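Order of writing sets the chain letters: A, B, C and D. Residues in each chain are counted from 1.
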Amino acid sequence: MSLIAFAGRRLAQAIPVLLIITVAAFSVIHLVPGDPARVMLGSRATDEAVQVLREQLGLDKPLVTQYLDFLKAAMRLDFGDSLFQRTAIGPIVAARAVHSLALVAYAVLISLVIAVPLALLSAIRRNLLADHVVRALTTLAFCMPSFWTALLLVLLFSIRLKFFPTSGLGDSPLAYLASLTLPAVSIGLYLTPILLRSLRASLIQTLGAEFVEAARARGFGEARILFKHVLRNSLIAMLTILGINVGFLISGAVIVENVFSIPGLGSLMVAAIVQRDYPVIVALTLVFGVVVVAANFLVDLSYALLDPRIRQ
Amino acid sequence: MRPFPPGIEEDAWLRLTKRARLDRRWATISLYAGIAIVAFIAGLSAAAPFLGLKDPTATDLMNALQPPSLAFPFGTDDLGRDIFARVVYAGRVDLVFGIVVTYVSLVIGLSIGAISGYFGGLIDTVIMRIVDLVISFPFIILILTIAAIVGPGLTGAYIGVIAVSWALYARLTRGEMLAIRRREFILNAETLGYSAPRVVFVHALPNLLRANLVFSMSDIVLNILTLAALSYLGLGVAPPTPEWGEMIAQGQKNLFNAWWISTLPGLVIVLAGIGFSLIGDGLADRLDESGR
Amino acid sequence: MTARLGGLLALAASALFVAAPAQGEEGAPRKGGTLTMARDSEPLTLNPIGAGDNGSIFMIVQVFDTLVETADAPLPQSALATGWTVSDDAKTWTFALREGVKFSNGDPLTCDDVKFSIDRFADPKVNTSYGGFGAAIAQTECAGPSSFVVKLKAPQGAFLDYLSTFIPSIVPKALYEKMGDKAFSEKPVGSGPFMVKEWVRGQRLVLERNPYYWKNGQPYLDQIVVNYVPDENTRMLKVESDEAQIATEVPYAQIERVAALDHVDVQIENVMAWDAVWFNSRKAPFNDPQVIRALNYATPKEAMLKTLMHGAGDIANHVIARVKYWDPAVEAYPYDLAKAKEALAKSSAPQGFALSCLIVAGDQFELQQAQILQSEWAKIGVTMEIQAVDTGTIWTRWGSGDENCFTFTGAGLSSDALSDDNLAVVFFDFTGGIESFWTGWNNKDAIALVKEADGTIDEEKRKAAFHKLQRLAMAEYPAVPLFFIKARTAVSDKVKGFKTLPVKWWNLEDVWLAP
Amino acid sequence: MQTASSPAPLLAARGLSVGLVNRHGAFLATKRVSLAVDRGQSLGLLGESGCGKSITLRALLGLVPHPGEIVGGSVTWKGRDWRSLSKSEIRRIRGKDIAMIFQDPASCLNPVFTIGDQVTETLRLKLSLKAKAARELARDLLDQVGIPAPEERLRLYPHQLSGGMRQRVMIAMAIATEPDLLLADEPTTALDVTIQDQILTLLAGLKERNRMAMILVSHDVGVVAQNCDLIAVMYAGHIVEWGPTYDVLRTPRHPYTRGLLAAIPRLEVSGGRRPLQTIAGAPPTPGELPEGCPFRLRCSSARAECATIPVTLDHKPPGHGSACPIVT
């Protein structure tokens, strides 16, 4: 099967999932008591004023109508206006999605750079001191509260050493990268142990495979065996874990986004939920769904590239 | 010990036996150290009422923000509560939550995943799409909804986390099931005419359980951390019940002037995390070898 | 009142409020420079009508002007209106408009623009958020190019106060109609000291000097970069590292630490914000003032002020904010468990009772406060369950009238107007729309007092009415007032002339940077 | 045991003891195993699974899986002790002078690379060929081992080939360098009976053509009988009988060998592949390496002294040794 057909089939499967996600998000969030008009007006306004605002916002229409309106517009990539920000959702989400994706991509990169060599070390020195040290340290990093790690990083690298800005986003590409570094490290420190564990486990498994012994019998060097033959076979398990985590990383970055004042999708989601900004919530759910589907699709695609057996 | 038989180099043999002992010992040490750590925390928490600790919920504004001392081993928070007592009592909430959520999810996910992998076809497709759905649905919306329906507090957290984390076990189990689906012992069982439930839950179970059990150890940690994150958003336990994540969140604003409020409970989570992952590692080694 | 904290660390909390001159001590203001602020909230809209959150409001006031403006004075000051007269029946107000004022795009500001803006303010269909503020206006007209007349349906005591809020900001009519609501909210044009240069949602708002601003020589700053920094620790680190010169909302726990920094002071200033616990008087036993009194006596406000707020607040002697007609002579409830028990014994629930209280999820301060109340009230036999729910839910639930008890983020309740009327209507007037802040407190005397104060512009009568209302509320109202909240702002030494107004915003045109 | 006439056999093991580690601890997988092959000679290692024959084969290449190691004896290659060779020398010998093929060709090929990638990788590394030349040679080799349409096969992945084809690929890789010695670990066990024959015929042909020595490990008496000049029978880590194929099969001396041979027809009748019997008890642990004959517990001719006699091969008829002094 060609990769394109493979991609096509995956996408076709994804569409009903995405639709159901938006329906679910839409109906579920309406189950939760709360009224955006009341949240917006807070303590000041009378119930009549709230009612006027509800009509203005179209919140008095039946839910089904509201959802279908949303869906019709969404087909044209128009997600409507945010109830709170009083402006089109598309550009807001797009701008934030860029930062979120950049942040998570950067974090994944950092994790890979840390996790792959350490996993190799851990796997070939299995059950020796180096292995134990690596695993203990990464478990430590995993369990530390993220705002705590983040603040520690800021205190050290921004306040003390002045390497990076404390928060916010830089304008030039280089400054942008610099400003994303500490947040990416904070997320990366959480992700690294997850990747490291799965990679280590599958490395150990692959190292015991017969083709590794066959390669040794053929007199190949250990480095060649490890990097060419073993690593490629082992990456698949790690990619699966990565795929599952990507969606979670983007929405779960909210604490790190907060600490570093990065306008990402995570903080928008939390704000939208608290404010009952229904159109934003549904649009974001759709975006997260797309990101998760896309991430898993990429994972499948890299499977297919890494492992010819999957293509069948 | 009798003399070495001829033809064996004594030092090489000793080196080997030492390595063998060490190898085995690491797996054992890992397992038992993990169990010891977890048992220590769990034991302390279970025995909390009998340890003569201070009341974990009693505020004492005169003694607020005391650094760690003999009177307050972990210091006090800004309401003057003894952090050590709170940490110990919090273990009751966190460990129980972590373990219950994990194993309920495991049982649900394992059953569903095994069915999905065993029968394949339409059942498999439908189940896996549901799993996709659950995994891609924004967790926080789910949690808020549940909190709104059942009221804020632990119940919502229990339901919410289980509602999501079974899906990971289902996916894991399905993969394992597919891997053993065509193996001889399954085919044999089928040839002998055993019913499908019997094949799935009796014959395949031990094989499916292995990966799930190993994963469950890190999942316990993950679930405790999830509860901590929920507390951060104010959706965790109902105050004043102490909970590790709630304590950490509480100390955030005091990080600069009273580091101990969030750092020490944080270290306890780290310790528990290390404990569970040591058990996981030891278990992985053991189950792995017995399967060899 | 402004307190500068640098070097005062060793002193007790009360010493924080030593008044010091806020400006002028550093010589003549200097022009130029960029001020960077780290704010806790971000604007959602820059349209004066439709905004309702501090994130938006505090920026809108930098971009727009009003007929009368709020400054550090009990009465609104002349701004776009150089003066005004009021008819004997207090129903016709005539404003003399300042001449030669231009919008930041260079267009002249005319009486048409004023009429357009005030009419929008007066139209409850347009001005949904603050409909009550403009509701008294019957009709407006331009009597000449610089004479603007407002006719009221009835005398309104707080008329000028309401005009000084951000809502009746003067917008350019032609441009507004051309751009429409949405576009104008993004890229507004006003006649205020600054204009919008760049707005990146979620990150920053960049304001630059309005070259046509009418105040002579002002503003001093060339540019203001207002960064959105939601995390309080990070916000403090921003000023600490000098990436920002001003950071808002210093967390209580960090006041001492930030003030001790060499180049930063913490300004602690009175604003019209407060914190209280509200009860639902439709439900027993909260319909019994003795019960409320017992809870008031059982609340250790002094100790809470010290530990939770590090002294940066005042114990409240009123169930609403300390606004213009606040009477300092009214006594706050002291912490007295004996009196609390005595009051409870006389009440309809002598054995104590159980209640559940709604608080905002994720707000650590409220959570701590609620836990202190929980543990203290238990001492008189009142067991309290804390229900943390998110902001989206909390209004709906409290508004349903089925809950027992409610408390909202301290910084979240404040007065937008300089006089007490608005708060009085919301909190004390059962007929005012939301049944006395949903407490269901239906007190005939209180309603009469609110109406009496509202219907006159006689300062003495208004004062007397509000003073009576305060005593009545303290005795009968189903709430435990806690604290008057203060603004806590970290300000770099370089920043001069910065001051938080009682309405919580700042006149940034007065700010300049020392070399 | 090896013939005194050849001063330096191609490959020889002397008193080789390999220690391995399992979950119970360290144990000896082979005990003082001595064997040798010369150029053009083929040796069959015969025994039940778990008797140590596969590990012996790996030890000959220095491939004892970590954490196991050789704890006694030595292996010499053309008279040079493995231990005196540097790592790079060992790597040069492996895959060039000595090649190895394995039982399960499915798992011996890396699943993620094409056949072409894997064959040419060996050629480029071992014969220092350029990519193009390697490709051509690879095609020739596949042709040589009887793979039809080799050009297309090179582009395929292992899972796209049948078991027999995969084993042919393994053999092609093994013989590419025209090795002096081929180690074959149950090369046909995983294959269909008809394919088995083809592979064995192929191996025999190659052996003849290249004057290659071969050590063939198998549990199948028939396979060894057909393909080997010499037979070494292993039991519980020991070589218990050794000699020319014809002699050993016709006049087995050790009770174990006799049992093994006697079992063949019965195995065929029952159609199963059940081993003779299982060995009772756990593998020996360090302090209690059992003295005496390891087979005594299952031996019908066992006597009291079997518990103390050392396991050493005699040479009663020259060139045909047995470790049983009782049965002759």
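Heads up, the rule we're going with is that a contact is a pair of C-beta atoms (placed from the backbone, for glycine too) under 8 Å apart; a residue touches a chain by one contact, two chains touch by 3 or more.
By chain, with names taken from UniProt: A, B = ABC transporter permease; C = ABC transporter substrate-binding protein; D = ABC transporter ATP-binding protein.
Fair warning: this is a prediction, and the values are worked out from it, not measured in the lab.
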- Note on the structure: Ranking A-B and A-C by C-beta pairs in contact puts on top A-C
- Hey, which chain is the most central one here, using CA centres? A
- Query: Just curious, how far off is subunit B from subunit A if you go by their C-alpha centres, in Å?
  - Reply: 22
- Note on the structure: When centres are defined as mean Cα positions, the distance from subunit A to subunit C in whole Å is 38
- Indicate the whole-number Å distance between the mean C-alpha point of subunit C and the mean C-alpha point of subunit D. 89
- Distance-wise, how many Å sit between the C-alpha centres of subunit B and subunit D, to the nearest whole number? 47
- Could you check subunit D for residues that touch two or more other chains and list them? none
- Message: Can you pull out the residues of subunit A that are in contact with at least two other chains?
- Response: 32-34, 147, 151, 273
- What positions in subunit B touch 2 or more of the other chains? 23, 144, 148, 232-233, 252, 255
- Message: With touch defined as at the top, which chains are paired up in contact here?
- Response: A-B, A-C, A-D, B-C, B-D
- Message: Using the touch definition from the top, list the residues of subunit B that touch subunit A in their complex.
- Response: 22-23, 26-27, 129, 132-133, 135-142, 144-145, 148-149, 168, 171, 218, 221, 225, 228-229, 232-233, 245, 248, 252, 255, 262-263, 266, 269-270, 272-274, 277, 281, 284
- Task: Spell out the residues on subunit C that touch subunit A in their complex, using ranges where they run on.
- Result: 44-45, 47, 50, 52, 124-125, 128-132, 181-182, 185-186, 200-204, 227-231, 233-234, 237-238, 240-241, 243, 390-393, 395-397, 399, 408, 412-413, 416, 422, 426, 432-434, 437
- Residues of subunit B touching subunit D in the complex: 1-2, 4-9, 12-13, 15-17, 19-21, 23-24, 289-290
- Give every residue of subunit A touching subunit B within the complex, in rising order. 13, 16-17, 20-21, 24-25, 28-29, 31-34, 127, 132, 135-136, 139-140, 142-145, 147-148, 151, 197, 201, 244, 247-248, 251-252, 255, 269-270, 273, 281, 284-285, 288-289, 292-293, 296
- Task: Would you tell me which residues of subunit B are touching subunit C in their complex?
- Result: 57-59, 61-62, 64-65, 78-80, 144, 147-148, 151-153, 232-235, 238-240, 249-250, 252-258
